[in-house]
C-alpha cells in the first residue's frame, strides 16, 4: 500500500506493472524506503522503474554519478539542466518532479516554471543561460556540437569538465524523458506544490 | 505605484515602457481598476499592452468575444486551449497566467502543468484530448487543416461552431504569445501559486 | 446578392455560413458598404468573418490600430510584412489579398510575388530585408527573439517602437492566417490581377 | 543586347556572369533564339545556365524528357507539379516562370498562385490534389515514400509510370530550385503578368 | 600503449583526456582487459568513458542490463536498434561500432549500412521494420508515443515487455550518441571492416 | 542474365521493371557494357534508369558534366559531396555506391562512412569541411543561401565557380536521391566492400 495512492480509482502511474515493495530485491527496497523517509513519499520513478531491477540500479547509479558528484555546477544548476531539457522533450514526469527539486534547491518558487517553458526568459544569470543553451543544444542537435560551443561555455567560466557534466545530465535525462514518455510515468501529486510556498521551507 | 512591484530592483515586466495608471485613457484605466479589484492585483498583460491603447482595446475585445461568449466549451476548456497552445509556442507569460486561471476554473491544481508540458499525458477527457489535438494543429500547421480534422472533432460531439471557437482561441493566443515573447512580458509572481493550494479556494 | 459571386456554382468562399448583408448588424454592414464603395467589391474576409460580429469588430479594430497608425513604417511596408509572414504560414487568402494591396501601395507589380515566395530575393532595400527577417522570425520562432534581434533592427534605423509595429503586424496576421486556413477562406478573384497592369493605375 | 534588359541599372539576373548570345555554342544559341521567337523574350534560365554549356544541354534534355513526353499527365498538370514543389522549396524563379506556364496551359489565371501558396486550397480536382500531395512528399521527405504512397495514387487512377513522372518532375525541379536559389536567378518581368489577363490569350 | 594507436600523430579519439590503463581502477581495467582479449582491441568507448569511473560503471551496467538480458529480441535485433537510432542522431561512433556488431551477429555484411542510412529500405523482416519504426519514433518524438504505437508492435507479436526493451535501447543509445557527439569520440579503425568479409568469420 | 544476380530469389533492385540489355537502345547498352568492363559489374543505377532512355541519357550527361569536368575540386571531393548530401537525404543507393567511389578515389577506407554519418567528425581538411557545410546547406535550405555562404567558401580558397560545382553536384544528387528513394533502387552488393581492404588496391 506504500506504493499506491490512497483512495479508489487512482490514475495509473505507469503503463507497465508496478511491483509492491514486498516483491522487490532488498537493495531496491532499501533505496525506496530511504527516499520515502527523506521525502515523505515515494517518487513514482522509483516504483515504475523497479520492475526492471538491473535497469533501476544502473539508472540510479548514473544519476548519482552525475547529480551528486563534486564539480563546478551547484545542485540547483543540475536540476535546472534537467528541467530545461525535459521541457524541450515534453516530458511531464521530469518537468514536474525535477521542477520541485529545482524550486527547493534554488529556494525560488518561480524559476522552475520559467526554465521549463523558456529558459531565455528565466530569472537566471548569464552564466546559467549559457549553460542551458548548451544543454538544450546537446538535447536537440548534438551532432552539431563543436569547438564554438565549448568556447561559449568557457567565456562564462565553465571548464571542459563542466561541459561534460552539463552534457552528461542532458543525455541522462534525455534517456529518462524517453522512458517516462513511453511508459506514461505519472508524477506524484505531491511534486506540483513542493517549493512553491515559501514558509513550507521554513 | 499600483503598477510596480514594491521594493527596489524588481525585474522589468516588459522590454517596453510601462505607463502609470494616471497616464492612461479613462476606459483603459477603468478596465485595469476593475481587474485589480477582482483579482487583487493587476496582471502584467494589462499594463504592458497599455502603452498602445488602440491595440489594448482591440486585444481585450477579441479576448472577451472568444473567452466570454456562450458555446460548447466550458471556461476551463478555453483556458486549457490557451495553456496547451502557449506551451507549444514556449510563451512564459501565457503558460503561467492562464495556467492559474485553468487551475481555478477546473478546480484542479495539477491540470495546468500537465497540459502545458504534454496534453497527451494530462488528466483530461478523450473529448478534451481531441480539442487540444486540434488546437495544437491549428497552432503549428494550420495550412494542413482540412475535412479530416473537422470529422475528428465531430466524433467527440464538437460542432463546426465549436471548431471555430477552438481555432479562434488558438489563433488569438498565438498572437498574444508572439507579443509576449517579443516584449519579454513577465508573468506576475502571484500567478505561479494561484489555484494550487486547495484551501485557498475555500 | 452583393455577397455572392454572380453565376451558378461559384466556389464556396468559406467552410462556414456566410451571412447576407441584410442579416448583419448596422455597423458591420456599414463597414462592408464602405469598403465595397472604395474597392469596387467586398473582400471575402469581411463577409466570412461577419458571422461572428464581435470577433469581426475586434479583428478590424486591431487591424486599423496597426495598419493605419502613424509610425516608422510605410503603408507598403506594412503590407510587405503581411505578405512575407502569410507566405511563411502558407495562407492563400492573405498572400493573394495583401499581395494586391502591396502592389498598389508600392506601385510595383513584381514585389508581392517576390516577397511571398522568398523575401531574400525581392527587390527591396536592405532595411526592408531586415524588417522582414525580423517579421519571419517572430512568425516562426518568437520564443528565441532577444536583444540581438532588436540590435539588428536598430542598425537599419528601426526604433523599438517600430519593432513592436513589425511584431504586432506579424502576430495579427498570424492570427488571420490561422482563421483563413481553418475556414478555407477564399480570396476574391479580383485580387489576383490588382496592381499588376501599370496602366490600371494611370 | 538581346540578353540584357533595356535601360540602365537593370537588376542582375544572376550572381554569375551571363554570356552574350555571340559567345555561345551554336546549338545553345539556336535553342535560345527558338524560345525567343516563340515566347517573345528569352527566359532568364536559358542565359543564366548558358555559361555552363554541358550542364545547360543536360538540364534541357532532362526537362524535355519529362515535360514533353507522352503519358498520363497533362502539360498543365506537369507545370502544377513544378509550381507546388518550387513553392515548397521557396524558389522565386520557378514559381514565377512556371506559374506563368501553368496559367496559360490551364487557361486559368488563379490556379498558379493557389498552387504555389497552398495546393490544398486550390481549384483543382481530387486527383490533382493527390498528385501534388505525392509531389510535395517526394520533395520534402522522399526517404519515407513507400507502398502506401503508390496505393494512394492508384486510387486516383495514376499508374506506377505516372508516379515516376510525378517524382521525376519534382526531382528535376528540386535540382532547378537549388541552382536558381544559389545563383539568385531572377525571373523575367514578363512572367509575372502572363496568363493573368483573359483577353491576352484571345 | 595499449590505449593508443601505434604510430605517431594518430587522430585524437576524444576531445577529453584519455587515461592509461595503469591509471584506472581495478574493476575498470579488468573490464577493458577482458574486452581486449575477446575483441583483439579495445573499443574507444571504453577508454574515452574511463576518465569518469562512476559514469563508466553505470553506463556499462545499463548496457548489459538491456543488451545481455533474455527476451523477445535477438542480439542482432538489439544492435539493429542501436544502429538505426544512432543513424537518426548522426552519431559516428555508434553507427560504426555497433554496425560492426550487427554485421557479425546477423552474419550479414550489408544490413548495417542499410539500417544506418534508411531502415525502410533494409533487408529486414516486416516485424523488424515495425521494431525500428518504433525505435526511431522513441528517438525523435517520444512525447507522441501512445496506444497506437503499442498496438502496431503487438500486430507483429511484440509484447509490452519487448516494447520496453526497444524503447530502453533507443533511450540508452540516445544518451550514448550525445556523449559521443559532444566528446568527438572516434570509432576504432578496426570496426569499419569487421563483419564485411565473409571468410573472416569462418 | 548480365543484369540479374545469380541464384534464385534475389531481392528486387527496383520497384520498376528492369529491362534486359537486349531491349535497350544501342547507346545505352554501349554505356552499360563499358561500365561493366571497367567496374567488373553493372551498377544498378544504370539498369534501373534504363527503362526511361531519354531520362537516362540526360542524367548521365549531367553527371559527366559535373563529375568529369576540370575545376577546383578533386574527383574524391566530388564524391565526398555526393556522400554527404545523400546522407542528409537518407538515400541508401547513393550513400553505398558513391561511398565506394569515395573510398577508392581517396584511397581511404574510413572516410565514406564518416562523411555519410556526420561530416563534422570526418578525417577531412577544414577546406573540405567548408565545402561540405555549403553542400549540405544547399541540400537542406537553399532558399537561405546568400553572400555569407559564398564568403565562407572564399575564405578557404573556393572560387564562385567552385561554389557552382559544389551546388550543382548537391543539386544533381538531390535529384538522384529522390529517384532512388521513390523507386527503391538497390545498391549492388559489390559496393559495400569496395575500397575497404587496403591490399585490394595494391
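The chains carry the letters A, B, C, D, E and F, assigned in the order they are written, with residues numbered from 1 in each.
Here, a contact is a pair of C-beta atoms (placed from the backbone, for glycine too) under 8 Å apart; a residue touches a chain by one contact, two chains touch by 3 or more.
For clarity, every value in this text was computed on a predicted model and none was experimentally measured.
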**Q.** Neighbouring chains shared between chain C and chain D, ordered by label
**A.** B, F
Q.
Can you check which chain pair, A-F or A-E, has more C-beta pairs in contact?
A. A-E
**Q.** Centre-of-Cα separation between chain D and chain A, whole angstrom
**A.** 52
**Q.** Computed distance of Cα centres, chain D from chain B, in Å
**A.** 45
Q | chain C residues counted as touching two or more neighbouring chains | A | 90-91, 118, 143, 181
Q. Mapping chain-to-chain touches, which pattern fits: line, ring, star, complete or other?
A. other
Q.
Once the touch criterion is applied, which pairs of chains come out as touching?
A. A-B, A-C, A-E, A-F, B-C, B-D, B-E, C-D, C-F, D-E, D-F, E-F
Q. So in the complex, which bits of chain A are touching chain B?
A. 11, 87, 90-92, 95-96, 109-110, 113-114, 116-118, 121-123, 181, 184, 186, 189, 192-193, 196-197
Q) Residues of chain C touching chain F in their complex? A) 118, 120
Q. In their shared complex, at which residues does chain B touch chain C?
A. 15-16, 52, 54-55, 57-59, 61-62, 64-66, 69, 89-91, 138-139, 142-143, 145, 150, 160, 163-164, 167-168, 170-172, 174-179, 181-183
Q. Inside the complex, what are the residues of chain B that reach chain D?
A. 143-144, 146
